[in-house]
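Each chain gets a letter, A, B, C and D, in the order it is written, and its residues are counted from 1.
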């Protein structure tokens, strides 16, 4: 008898836990409300089945626990009942699957006006690249990456010249504007994941993967790596700030482009050379003096 | 083989027979020796091994932007001063099919309890297998000499060498194991172990000519795999 | 040599006899069972201690050997999980758990529990012990190969354990061993550790293939007279289907292990693209990490069912015996097992929805995955319908079964979340996943294992385990485990990613700290509670009640052996002849509330038996 | 008791002719598939020819050398149905391979 009561308490406790839990999902800050809704739907249907099945089990424990001499029913099969249950389950499952597939269809089809953001991951950090005025990102190559070209951009690619480079693990996004995240990794698997945006995808070395979302709440969010990437996995954090259009544009204009970077480096190089020349001159003068 | 006779059980043909066999007691594969059934299931499992290798190869080759070496040129061999594409491979195929044929005949003679024919044919099969392994060793050394390594090759995509050595190596291992067993079985046939039902050294099971068929299944399987490797690796 | 085979007390060759049982007043024709197809199997009887207990060819001893070895690895896995929970619940408390160590614990815990503990325990342990007994065979069909299978497994375990002691320690790549990080610097144990892991896995596969061939052929080709496939206990069906899956899925693991070993040792680039590490380009290029994931999950998903299907089968038998009622919808149960097994080869990439594979695969795999939910749900319905209108003994065994139903339904339903592609996106790689698979393929099968131990202990050891201790064991384990994994789902909702050594002060986790401490505490208690079982076994072996023959009044053949515990050869002189399915409980008109599978039709002509 | 004595030998073995026929056929088919390379057929023609000869050869070996043609359907079906899993795997990996190649050509220059 006590067994039935404890099982009953477990079921009731589970339901109460779900209702009163202080731990539930972090507030959503993107367009993927549909995912949350499907989860809620699955929760209702699945939770209902769970409660029903377990309550029925508890009922059986109460009602049919062992009595000497009681005859159990002898009925090997009940075709009709089995058929009803099969079809009911199939329908239920189909009802859960349909919204899932519809939302997946939205997830893999990126809106035309989405801004591409190249997220580059390595052990253990992030950096970002935005398209410049031409609205297109240049092609890249891992072997091109060096101190002068931290993103490995193809120097001959005209689209790459005006790319905006954000050499920091913190990036800003424009509110209410769809973003296509293009993920790239130079070493191992990573995953650019912001719980509030609900969406994620692995960054796989050797290919470029993508997903999209539309942030719809201004604020700062933490970026987590969601695919195990070695011993520093847990420390591979970043940040994202969703801003209003004005703030975003202001921020954008302060960022340097690939062209700027090259120019800066050329200038640096030039100045280095000049410095050496001057030094030599000074040195020479000194030598003259001594003579 | 042809349908066995089972006391008190009438065998039917086709899918009806399948349903009846499956629904019957004691055995599902009527008249199939335990060892033979085991070999078949093992080969099924091994098929999945080779399939996974070939699928990996296909995926690797399909997704490389670097040019894949042309097997027709890589595996060409000079015959009388003229490069003949895939000459060695054609010879290897020829040898392996020959050995497969002799094995099939060995099984047949085994069941007819023709000890001599069976023994000689197994010996021929073993020698064929040995020739095959030898030719493969030659092919490997030739490619290694030309600079092909598991991690690189002078002709193009590095994966070419990786997959080539891995898949032919794995197949070659199968052939080598088969050759060893062929020699053992050849000895056992000639020594008459299968005629008198002598117990095996390892498993202590009684000898029977069905073991020749079991080994035959393995050997044909090795040939079968080669058919696929030939098509996908050398002709693609 | 031949004297070793002298048939013990001269077993009767089955084929000489065609008739069994002579019913009173009923025509004996109705009991006719056709003669045996298989000749009497010769058995190699042991002559020395070593042959009897070490290099033994008796499937029952091999089963116990498998069982004990698997339990040993399981204990190692349990201790690792304690260490992990110590770090997660109380970070910094145990200073020796560095991030490297933590990831090594995670990896070894996962691999040990899934492959070396659960797979070996269900198939190697229960499979070896029960298959020959339940189908009415003298032994496995190839006892020698069976012995090799165990020793190969033993070597695999030894190699795995050796990796704890090599330089760099065991691999810390996560049990999925995803390249490229698995074999690169930055992952603990990327040198010796991963090599030993791959070697150990390959040995395991080879060893398992030998055992699996035995299980399959024994079930297909060595059943006793009258034992049709549709009269086999569901335990055998579960183990059989799981074995088929293993034979077809382990090749993918073998292949991926071999390829990764080559990547590591020879520098091939099967799974390795161009990689920039610490400013240097490594000598890899052109490979595809996702290919590994496909191969791995082509093994990995069937592997889930390799663990689950035997549990399904065993629990069906336990429920039926202890509810004193026939299993409801036997045929449906069988087809569900077979259907789940077949479908499991078409769903693997639902582990990879966010892996960056071709996004269009999502539609295909979500559909196939959710189709599996239907046969699985049917099994659940049939279990509870078996309880319905039964006469349920609420003993320890039944409690474990009820615990299984609760945890399995819970875990199965969270599976619908994760299988449904777009719902999986926010939840994948979070603690929701961890909670889900622990509930459904950790705790639920464990409940079945425990129930099976209490159920079959009288058969194996000849003594009854203590009921009172058993109930304490059950309630601490069940309530503890449930309170570990049920709340853990909610950590996943918050968005806490899995495989995090530490969350720092991340805003997602500040609210979950208390929860984590609670979960850890529960985990320590549940782990320690297993000592109750150890104590129970020790106590029972010393002072326990001697088990009578067939103490549970069950129908299946393993309880109808010549002696308890069964001797080598299982059934004495004559193999049993089977006339019915093993679930005839409470048949109207029968004197007892059970009818053994061997009861001949003429003996039960006066009852209302429906199903044979 | 005694396996060897009890075991029934197959009542009839096959005529040697059938083996020789298949043997010859295998040589001819191998020669044909070799010719596919010799004449350097390309594109779909090459593929279909390769696959055609391959499956024909594999089928002949399995059916006659491995005696599957004479085996009972129960065994044949058990052996052939699992191949659907392989076929599914192959089909999906073709799609995956193409997707990877597309990604590499589109986003990287000269491969990844």
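The rule is simple: a contact is a pair of C-beta atoms (placed from the backbone, for glycine too) under 8 Å apart; a residue touches a chain by one contact, two chains touch by 3 or more.
Here the structure is a predicted model, which means the values were calculated and not measured.
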item	value
Given chain A and chain D, the chains that contact each of them	C
Which of C-D and A-C has more C-beta contact pairs	A-C
Centre-of-Cα separation between chain D and chain C, whole angstrom	34
Rounded Å distance between chain A and chain B, as computed from the means of their C-alpha atoms	48
Whole-Å gap separating chain B and chain C, where each centre is the average of the chain's CA atoms	33
Chain C residues counted as touching two or more neighbouring chains	15, 42, 248, 273-274, 285-288, 290-291, 294, 298, 360
Of all residues in chain A, the ones touching two or more other chains	142, 205-207, 209
Where chain B touches two or more other chains, by residue	22, 28-32, 37, 44, 48, 51, 59-60, 63-64, 66, 205-206
Pairwise chain contacts under the document criterion	A-C, A-D, B-C, B-D, C-D
Chain D residues touching chain A - in the complex, by the definition given at the top	100, 103-104, 106-110, 112
For the chain C and chain D complex, residues of the former touching the latter	7, 11, 13, 15, 39-40, 42, 248, 273-274, 285-286, 288, 290-291, 294, 298, 345-346, 349, 357-358, 360-361, 364
Chain D-touching residues of chain B, taken from the complex the two chains share	1-5, 11, 14-15, 17-18, 21-22, 28-33, 37, 40, 44, 47-48, 51, 55, 58-66, 72, 85-86, 90, 93-94, 97, 100-101, 103-105, 108, 111-113, 197, 205-208, 210, 213, 216-217, 220-221, 223-224, 227-228, 230-231, 234-236
Partner chain B, residues of chain C touching it in the complex	1-2, 4-5, 15, 18, 33-38, 42, 44, 141-142, 144-145, 209, 212-214, 216-217, 220-231, 247-252, 254-256, 258-259, 262, 266-270, 283, 285-288, 291, 294-295, 298, 578
Chain D-touching residues of chain A, taken from the complex the two chains share	139-142, 154, 157, 182, 184, 205-209
